[in-house]
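You will see subunit A twice below: alongside subunit B first, and alongside subunit C after that.
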Partner chain A sequence: MLAYPLIAGLLFGLYFSLVGIGLNLVFGVMRIVNLAHGDFLMLGAFVGFGVFYLAGLDPLLAVPLAFAIFVLVGIFLYGILIPRLQQSVNPEMLSIILFFGLSQVIEAVMTIMFGTSERSIPSRELGSLISKIGKLLGASPEGGPVVILGQSFPAAWVISAITSVAAIFLVYVYLYRTRLGTLTRAVMSRRDEALATGINVDRVCAAAFGIGLALAAIAGVFAPFMFGSVTPAFGADATVTSFVIVVLGSLGNPLGTALGGVVYGVCYMLVQTYLSSWADLLPYVLLILILLLRPSGLLGRQVRVA
Partner chain B sequence: MSPDAVPILKVNDLLKRFGGFHALDGLTFHVSPGEILGLVGPNGSGKTTAINVISGLYAPDRGDVVFDGVSVGGMASHKLVHRGINRTFQIPKPFLSLTVRENIAVALAYGRAEVTPPSTAELLVDFHLDAVADRPASELNSAQQKMLDLVRALATRPRLLLLDELAAGLNPTELDWIAGRIKTLAKSGMAIIVVEHLMGFIEQITDRVIVMNAGKEIFEGTLAVAVKVPEVIEVFLGGEHAA
Partner chain C sequence: MPSLARHTLFIAVPLLALFAILPGVYNNHLLLFNFVIFLILAQGVNIIYGFTGYLPFGYVGFFGAGAYGFAIMVMHFQSPAPLAVVVAGLVGVALGLLLAPLLRLTGAYFAIANLAAALAVLHFVANPALESITKGPYGVALNGTFNPTMAYNGALIILALTLGIVVFLRNSSFGLALQAVREDAFSASMAGVNVLKMRMIAWLASALVAGFAGGVFAWYVSVFYPDNVFSADFSIFAIVFALFGGVATITGPIVGVVILYGIYNLIGFTTPQYFQLIYGLLIIGLVLFLPAGLVSLATRRGWYVP
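And now, the complex of A and B:
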């Protein structure tokens, strides 16, 4: 009985890690609270709808497309919004107001364009291209449920979890195995010192902001499969969930989000299984508990260094 | 230092305001290649603000900073690094999550392109950081963090080095050693501005000092002469030095 919620929680948890990691990357590098994070996730879901309903393709193909689009959107938005914000006396506080406004604008524009209806994609369509290729090679079965330790799970959950692990691994490679990543960690560590070292901090931050938004967008591609459907109002809830995951792991430490995501995912599934009517309260209860008991997050990293 | 050398840095009539407070108020001075200039004064006299404006951390509200004949007032810090200006911080701020080696490697990639960068190994040995090369900078003690901050600045091959209270917290042996290193750097042609409270250290290394008070220069010359000027004694050194 416990195996199902635990395994499902792990699958969801890996996905939740992807949901939160972009928010934490942006906060870690720029100390900017992106309250529109969930809205970029929602926009990613609409890229998935477009790929499936307009182009008739496997929604999985929306992942690289959403990534490419939102890296560019992020770099553009960074250029017009952030340098001005950073010059203010209190950029963190102003960023909350600015991105809250941006969130409202995105939701309103999407509602005007697409209405308030719930939108979804049939679960079997995710990874249909892989199934077709497999069938051509005579190796893969139909895209039905996947059995793990005797428990059956939708293939879409497994694909989402695998893609999330791959994305988190690539974030690790970016941060710890590339020159841009070293510079990004340098800026995360000390912005002033990075400037004094000669690093073009704006360029490094623009890349991190673009990658952060793009990670949210690719998480959004999977949202209709993980939550059943998505509306333009989905962003607000996604932002709250992302904050809980980030705070659980450790604010300012992107890879800590992986731990926060898994803990949140397992709690989410346990509550869904045993106390389903309380499930909507979970993010808020967890947020209050972690802030009261361990405000620096499970990995215990201090956010500010004097 | 040659007093007649063409200054590499000229600071003209610098004004920097924070609200109604004038942190710098008409500050004017110059420094030449190979010269070690001391900026001294009581707390709040504007020494660190001057360093922050010259290094591009703050834009001046009035006046100009001319480096090597080019006006650079208000230019971004990272661009000034490429032109050959670098600094250390009063509270050293190494990249804590990076190792000592990574900290230096990042800095070596920047700075003056026309000068061949020293090797990481060379810098580690020269500044006694080789034993901690692969440790995160967060594990260094305060003296080691100061050395790393200095190495980080030197790795960018500056022509003008701004040292903000580098000596504070170092023991006498470390002070003698770092004084020798600073003099060697100046002999190689580097212009150096030192902000410091330790008068013995200032006397040991500087060619000339500017005494500041309330954002203004109140004296320029050697420290030996400064300590005999009544205005300097009054605002900075204290009454007991008058005798």
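And now, the complex of A and C:
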């Protein structure tokens, strides 16, 4: 009985890690609160809809496409928004309001273009390409639910979780095994000193911003499978959930998000199973408790003053 | 004439007089009532954000708690409406005390924790398990207290109180000390300012007026659902109105409400998504080009803005 919520929680948790990690990367590098994070998830979901309904392809193919599009979008948005914002008196606070404005614009434009109806993709379509290739190679056709420890789960959940792990691993490789990643970590720990040592902080930040948005968009591709359906108004709730995950892990430490996501996913599934009427309250109470008791998150650096 | 008396006489009194006369000449009383509510909330945000720098992203929590404080007094204790409004204010203060530990957080952490707190209160109130007390998600219908005229007058009294607080903050060493704390808490405390106490007073004053506003709102509408009185729109609108005009002034939030809420009522009802688009663009433009609000157009030229 306990196995189901634990494994489902783990699968969702890994996915939630992907949902939050982009937000955390942006905050960690630029001290900017991307309140439009959830809206980029929503846009990613629409890339998935486009790939499936217009091109008739496996929605999994939307992942690289969404990544490429949103890295460019991120770099473009960085160029027009952030340098001006950084000149203001209190960029961290004003960023909240700025990105709220951006989220309103995105939501409004998507509503005008696509209406408010709920959209989804049949769950079995995710990964159809993999099973086709498997068939060609003579493997037994899959596509049905995946059985883990005697419990069966939708294949889409498993594929989302695996993709999330891969994406988080790639973020790790980027941050710890590439030159740009090393510079990114330098900017994260001390922006002014990074600037003083001659690091092109703007370039590092633009890359981090692009990658952050792209990670959100990738997570969005899976959103219709994990949450059932997506509307243009999906962004706001997704943003709050992302914040909970990020703060649980630790704000400013992208890899902490992986832990935060799993803890959140497991807690969520446990409460959902045993105390369902209180499940909605959980993320917020968890968030406040963590902020007050261990404000640096489960892993993380000092943030609280006084 | 000291500036305290001048501000009271030439700003607060004419505004109150205008809103006292308007119901006699203009028929849309609901609209006028909403204007008064948003004037209270924008000034409430001004008290806490303008003077202390804490961005209350979940400001609606106090408003909703006040509305439910009013409803519970009326439903369970058959209290007369004015008493219930007073209790609503006290509920706001109680919630402020409960959330006071959040003041230990700074910057974005505070804003996010406050947002989570408001959502936690919403999900607590809307929990079906508490149906016998709050009516859960099914909403509240108050019989016997419905009296829009009296509720409107009550709202005016609360607006007067709120304006009084802001006029006092603008013209007193207390308000100046708060602004010193906002700029640099450490230096302020070295100069003899009791940082924690002052911050707390501003926080509770801000919670009080929002609680009162929630109380009169409940009185005026009489029928509402948790999602109505805890709608994030209240927080966001109040913050954007206050910022648009310019915080830490008396006139800024008033100008912001009149202009932006005016625009909202002109185009918001017929085509909400176009309003959302314009609104979002306006917010982005505001942060990028006028981060200190409309009043900075005047202060930049060296003019004094009350």
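Here is the rule we go by: the second predicted complex is superposed on the first by the 300 of 306 C-alpha atoms of A that agree within 3 Å, B and C clash if a C-alpha of one lies under 4 Å from a C-alpha of the other, contacts with A are read in each partner's own complex, and residues count from 1 in each chain.
Just so it is clear, contacts are C-beta pairs under 8 Å (C-beta built on N, C-alpha and C of every residue); 3 or more make two chains touch, one makes a residue touch a chain.
Quick caveat: nothing in here was measured; it's all calculated off a predicted structure.
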**OP:** Put subunit B and subunit C onto subunit A via the superposition and say whether they clash or fit.
**Re:** fit
Original post:
So, A:Asn200: does it touch subunit B (first), subunit C (second), both, or neither?
Top reply: first
Original post:
Looking at the overlay, does A:Ala68 come into contact with subunit B only (first), subunit C only (second), both, or neither?
Top reply: neither
**OP:** Once the structures are superposed on A, label A:Ala55 by its partner contacts, choosing first (subunit B), second (subunit C), both or neither.
**Re:** neither
**OP:** Would you check which partner chain A:Ala186 touches, where first means subunit B only, second means subunit C only, and both and neither mean what they say?
**Re:** first
Original post:
Anyone got the angle at subunit A's C-alpha centre between subunit B and subunit C, nearest 10 degrees?
Top reply: 80
**OP:** Scan A:Thr111 for contacts with subunit B and subunit C and give back first, second, both or neither.
**Re:** second
Original post:
More residues of subunit A are touched by which partner: subunit B or subunit C?
Top reply: C
Original post:
Which partner does A:Val173 contact after superposing on A: first (subunit B), second (subunit C), both, neither?
Top reply: neither
Original post:
Looking at the overlay, what does A:Ala236 touch: subunit B (first), subunit C (second), both, or neither?
Top reply: second
Original post:
Smallest separation in Å between any Cα of subunit B and any Cα of subunit C in the superposed model?
Top reply: 11
**OP:** For subunit A, give the residues common to its interface with subunit B and its interface with subunit C.
**Re:** 305-306
Original post:
Tell me, which parts of subunit C touch subunit A in their complex?
Top reply: 53, 55, 57, 101-102, 104-109, 111-113, 115-117, 119-120, 123-124, 126-129, 185, 195-196, 232, 236, 239-240, 243, 273-274, 276-277, 279-284, 286-289, 291-292
**OP:** Would you tell me which residues of subunit A are touching subunit C in their complex?
**Re:** 27, 31, 33, 81, 84-85, 88-90, 92-98, 100-109, 111-112, 236, 240, 243-244, 247, 251, 277-278, 280-281, 283-285, 287-288, 291-292, 295, 303-306
Subject >> Contacting residues of subunit A [partner subunit B, same complex] >> reply: 179, 182-183, 185-186, 188-190, 192-201, 305-306
**OP:** Flag every residue of subunit B that touches subunit A in the complex, lowest number first.
**Re:** 55-57, 76-78, 81-82, 86-87, 89, 91, 93-98, 102-103, 105-107, 109-111, 149, 152-153, 156
